[in-house]
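Here's a structure for you.
Here the chain labels run A, B, C, D and E in written order, and each chain numbers its own residues starting at 1.
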Amino acid sequence: MDSETYRVRMTGISKRYNTIQTLDNVSLNLKPGEVLGLVGDNGAGKSTLSKVLSGAVIPDSGTIEIDGKVVSFSSPADARSEHVEMVYQDLSLCDTVDVAGNIFLGREPRRRVLGVPFLDKKRMHDEARIMLDRLGIVIADTRLKVENLSGGQRQSIAIGRAASFEPSVLIMDEPTAALAVAEVEAVLDLIRAVSARGVSVILITHRLQDLFLVCDRIQVMYEGRNVAERRIEETSIEDVVNLIVGRKFQARSARRSEDNGARP
Amino acid sequence: MDSETYRVRMTGISKRYNTIQTLDNVSLNLKPGEVLGLVGDNGAGKSTLSKVLSGAVIPDSGTIEIDGKVVSFSSPADARSEHVEMVYQDLSLCDTVDVAGNIFLGREPRRRVLGVPFLDKKRMHDEARIMLDRLGIVIADTRLKVENLSGGQRQSIAIGRAASFEPSVLIMDEPTAALAVAEVEAVLDLIRAVSARGVSVILITHRLQDLFLVCDRIQVMYEGRNVAERRIEETSIEDVVNLIVGRKFQARSARRSEDNGARP
Amino acid sequence: DTFALVTINQQALFFNQINEGAQKAADAAGAKLVIFNANNVPSAQNDAMENYITQKVDGIILVAIDVNGVKPAITAAKAAGIPVIAIDAQIPDGDNVAFVGVDNTKAGEDIGKAYAEYVKTNMDGTAKIGVIGALNSFIQNQRLDGFKKAVADSGQKITFLDTVDGQNVQDVALTAAENLMTANPDMTTLYATGEPALIGAVSAVTSQGRTGDVKVFGWDLTKQAVEGIDAGWVAAVVQQDPAGEGKAAVEALTKLKKGEKIEPIINVPVTIVTKENVDQFRGMFK
Amino acid sequence: MSNSSTSGDNTALHPVAAQSRVRESTLRDRFMANGSVVSIAIFFLVVCLLFSVVTDAFLTAPNLLNIVRQSAPLLIVAAAMTFVITTGGIDLSVGSVLALVATLSAATLQAGLPWPLVIIAMLLLGAAVGAIQGFFIAYERIPAFIVTLAGLSVIRGIALLITGGYSIPVEATSPFTVIGRAWFLGVPVPALIALVVLVIAYLAFNETRFGRYVTGIGANAEAVRRAGVDTRLTTLMVYVLSSTAAAAAGIILAARLGSGSSNAGQGFELEVIAAVVLGGTSLFGGRGTIIGTILGAMTVAVIANGLILAHMSPFLTPIVTGTIILIAIWLNFRLFRGAIRSR
Amino acid sequence: MSNSSTSGDNTALHPVAAQSRVRESTLRDRFMANGSVVSIAIFFLVVCLLFSVVTDAFLTAPNLLNIVRQSAPLLIVAAAMTFVITTGGIDLSVGSVLALVATLSAATLQAGLPWPLVIIAMLLLGAAVGAIQGFFIAYERIPAFIVTLAGLSVIRGIALLITGGYSIPVEATSPFTVIGRAWFLGVPVPALIALVVLVIAYLAFNETRFGRYVTGIGANAEAVRRAGVDTRLTTLMVYVLSSTAAAAAGIILAARLGSGSSNAGQGFELEVIAAVVLGGTSLFGGRGTIIGTILGAMTVAVIANGLILAHMSPFLTPIVTGTIILIAIWLNFRLFRGAIRSR
């Protein structure tokens, strides 16, 4: 395949933290509009790999190409300027800042009063309200500080922040972990919608059934290495489970749920 | 039903935070060895209700009975002395303390040297290792500080802490949100094992299929109120979804996953 | 020869003049002078002296903060054969070989007498006085006590209003002095027990526009004080001879080194500066 | 999709939309939400009331103007320090910068430099000192406490070296002294300067991106960095602000005292930090308020002034001051229990 | 269960167990893991080496014993302060407690109380002061900075009131002075006392539940509370510790100086906090080290001693001290970049 057709090409990414080789010569490719599911066991290195792409972690070695151009991210600001946005697993919210402030962090709309650029708070709150409604989340007031919100409410704010600013690559690190059923649907719809617009999406999740609803391709990591890649049509939940665990594994929680209601 | 047969009876629990009535006259009953699934939309009040039972939040009104005896928890220490243990949604870990230290927090084994009770660190690390292995989680060293662990690794520590000290009531607030497939299985197995030993379990989760694998009963909350209760045999995923959302809702991510692999 | 001078701080002119006088005398005698600044911390003086003892200097000159608290170090120095000379603050029952300086209580009485005299002749024998002190300073407390005693003995109708704590810091003294004046609109005189207090008092009288009805008395001349004397509203200031004290101390140590005898108390006289004799000090503040 | 739900209603399965669980926020809610500011405001008013009753002189125009004039340096530096502390930092060097600027401006005026040049040069000096300290803190990640403590020592040392311990007089006739002593429209000039600084600080803190990032850095610096903000530059800037404010305070002080002394502003850093913390800004960062800081600074100034007016013995003054502050804060914390976080 | 996996291997699907991604921790790893302590240790050694070369007197037994004797009060209080700061708190009142105890013990000795009684009474007084401050901080949740700042003012005020600004002598013949001046087995008694305190502090910090909870409270107080620990009592106790340590320091100082002065320990709180922070304990709580604190305190003491021995001009001393500390810490941070967190 011609490298020109890739939105993202990461090759040979390695990262060591003291005694642990968190990433070991990992690669990742992503085409425009493609949705890639990145899966693996806990501690496999998924979050670290995606942080490398978002500029939050600087790898020890390896190269990143965006749209065929080699880039070197020394900070998340660099990645943002290449339109790479990420929903971090730890959400990365400022607890003492209000909901709208967190959504617009780093991109606050401004209006000039006597030539001085002041925050346009009204616009921030109005637009934040619209974004939250789109994600189907109930938050009484966008002036609330995020420290007291529920787990799911906090997660929606992080999603709203990353998804709303015309990314060309959108990385979502377990975006639905704390979300209730309707909100999960909204996020999956969102992924479908943005990928249809040509945005490349990396979805990290442990809810394997979701992968089959939105992904084009799945990449499996194991102990800091790439171990498998599958087109979604060629695989099944059982296959993915086995790849993640590294051996044949019977996971009833990830199986077809036909036997609902039957106790073990 | 005779109140004597209940392990936990919470009645009329209300809690207001400034302008929001987070809990409004909520009840919850739990029998010995029963597994109760507590579900609801984001911000419904599930975490707050369970924190009331674990003593972390003091309700404005309402009563709690444990084994038929009215109790009043003014701190989590009170609840712990009644053998109520909880896995908190925010995990409640001390980032700068090591893995073993977090698991044993508040219950460190000690040995006397010249009559002075010193920490028995060797025992802590040995036993912590055993617990983690039982949960199937890979953590290189129990001497690592938890701040740098992955999301799933952190969650297992919180689970290990609550499950390992002979609780009689075990509350798990989204314990599997960050866990990979094998680890989820291990937690579900754990729930089955402890409930078989007579431990009452409250499981809060948004992974609805898991409810049907371990729960005896499901209680649904909506905007701070009880709205429904179902025995697991009498309900289905679709029913639960509708109750959570408050109207008929088609959630493909929570449906039977027969159509794996079919793209939308 | 190496002599060590342990001082209180370097933010008051007074101590720096001691240093200069001592330095000049040391240069003249061909000796080396090392200076330690304790920054108002009593135990630091003790520590520094111990360090100098282990280093075996040939003599120590000490401007003590806590006159009791330096005694062990002085005793240790004596045991090590190192003579200690106290400047400015006498050590009660100390093992120092000599004291150079001013008797602060006595000089406090002198300015008290001068003050009472001024009140008698210029204010019909009645006055109300406010005090800006430095409560943490031993010698400044002595200056206040001596002053009060002389005033009480004088038999004039003098009322002591408040004492405020300037903490030996100019800006603190200024704020305290301003508030003192607001609190006592009927105050007619001010007494400041040290240099920072006097600077604060002078600035406060100017800023409150009270140069017409408040007369200032105090210790240690500065340029502002000289201007006040010229203008007439600073009545009298005790001027010590710190350079002379430093010089006398070094000279005494040199004498000791040569095996000569010295007096145990070497008094350096003070001058009460008023309009009459201010000219002889004017040169210091150009 | 098979529907096994027990309710056949097509829209709402349970009657919830009927009553909302969120009520309109009342005055009391808003009070509680701003607990720490309301608390210090009440405290301030009580202290003022107390001294108005106990002393005659307190509630007179000259005394009140005196208080604002005296506290202008404190107000200016405390406003800037609010930014520093809100990022989770601290600046212990402000007292030393104040002393250095006070002595240097007196010295340069004496050397014949025109006064406008002196002012500009001194403000630039302050900014440069802040930039150096900010560099070590923001770019080299050395704890602010260590950097500014070293700064405290070095900068006052330089002031000492320049003056040789002498205090340097400023000619009373120099227009420079206007900054400290003159009146304009019936208000002392230092108070006017402080007012302007406070208004700018308020707007910058609450209505600009910079202020937003300052709060964000204190709450979660990594989150702000991940949002693409140059957190290092922002952090450096807050130290530039605090040092420049300290320089301005030094200029005002030298002009007011008519003298530059290297012992000016001893312990000033603690006074400033106390005003900021008393106002409700958290030393852990992420929570700051300029209004609170103003009230905190004015409270400290009013207590100092009022106790002297009340003819309190100087031996009792520190005891009474400490006790008043502690008891008042305590009562307020009991009043607003739950609304205020201890961190 | 249907098996559609592409690999038929029954055990491992991919070759991973073959090579572990975790390697044995090397000496360098352990260095990096304890970056801040190693950093201050290197710094300390370099400073010692420097002064050994520059001055003759530094590396002599009497001088080294002098240093430890002089720094005993600092070491004792810094060890206790490490607990306070690790919980995320601060105690600004230690200098004042030291002064109060020094004056009161001199006064009570003068009044004829037997010296063992004086010592016990003074330690109890320290504990009581700490308990009162701890009560406001832990149970009433008032920020530690405000409580102990009020304490600083009140307690020194009381010392001033007792002495009336004069210092009170202790009879040189009193056995009380043994605590400050005597030697035992060739080591000064204050140094021995400090040693005992440090060993106990080290064990308490690292090997007991109390020490664990202190660290935990600094990291996440709510998590420790949820684990069923009485965090309020633990928090109160650290202030009891620091005040008691300050009282012990006050006794040693009074015994050594033979005098109780209300001036004692001015600025001592900053010196103590500086030693603790220099040692690598974080002001944000959760990370503390007693070994680091000892090294930090000794470094400060050695620099002060060495500069005196090197006959540094007093005008240059503060400049040189500050610069040495900053540059050394900076080099160490560069060396261990990544290993040390700025917070």
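Here is the rule we use: a residue touches a chain if its C-beta (ideal position, glycine included) is under 8 Å from a C-beta of that chain, and two chains touch if they have at least 3 such contacts.
All values derive from a computational prediction rather than experimental measurement.
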Discussion item. Taking touch as defined above, what minimum step count separates chain A and chain C?
Written reply: 2
Fill in: Smallest number of contact steps required from chain B to reach chain C
2
Worksheet entry | A-E or C-E - the one linked by more C-beta pairs in contact | C-E
Worksheet, complete the sentence: Whole-angstrom distance, CA centroid of chain B to CA centroid of chain D, is 45
Worksheet item: Approximately how many whole Å separate the CA-defined centres of chain D and chain E?
Response: 29
Response to the item:
For the pair chain A and chain D, the C-alpha centroid-to-centroid distance in angstrom is 40
Worksheet item: Taking each chain's centre as the mean position of its Cα atoms, how many Å separate chain C from chain D?
Response: 36
Worksheet, complete the sentence: Within chain E, the set of residues that touch 2 or more other chains is 22, 160, 164, 315, 317
Worksheet, complete the sentence: For chain C, residue numbers touching 2 or more other chains are 10, 135
Worksheet, complete the sentence: In chain A, the residues touching two or more other chains are 19-20, 140-141, 223, 235-236, 245
Worksheet entry | Full enumeration of touching chain pairs | A-B, A-D, A-E, B-D, B-E, C-D, C-E, D-E
Fill in: Residues of chain C touching chain E in the complex
7, 10, 32, 34-37, 39-44, 46-48, 50-52, 54-56, 65-72, 75, 92, 135-138, 141
Worksheet item: Can you list the chain E residues touching chain B in their complex?
Response: 22, 203, 207-209, 212, 215-216, 218-220, 222-230, 286-287
Item to complete: Note which residues of chain A are touching chain E in the complex, please.
Response: 18-22, 24, 222-225, 227-228, 235-236, 238-239, 242-243, 245-248, 250, 255
Discussion item. If we count contacts the way the header does, which residues on chain D are in touch with chain B in the complex?
Written reply: 1-7, 9-14, 16, 21-25, 29, 32-33
Worksheet item: Can you list the residues on chain B that touch chain E in the complex?
Response: 54, 56, 75-77, 79-81, 86, 88, 92-97, 101, 105-108, 110, 116-119, 121, 140-141, 161
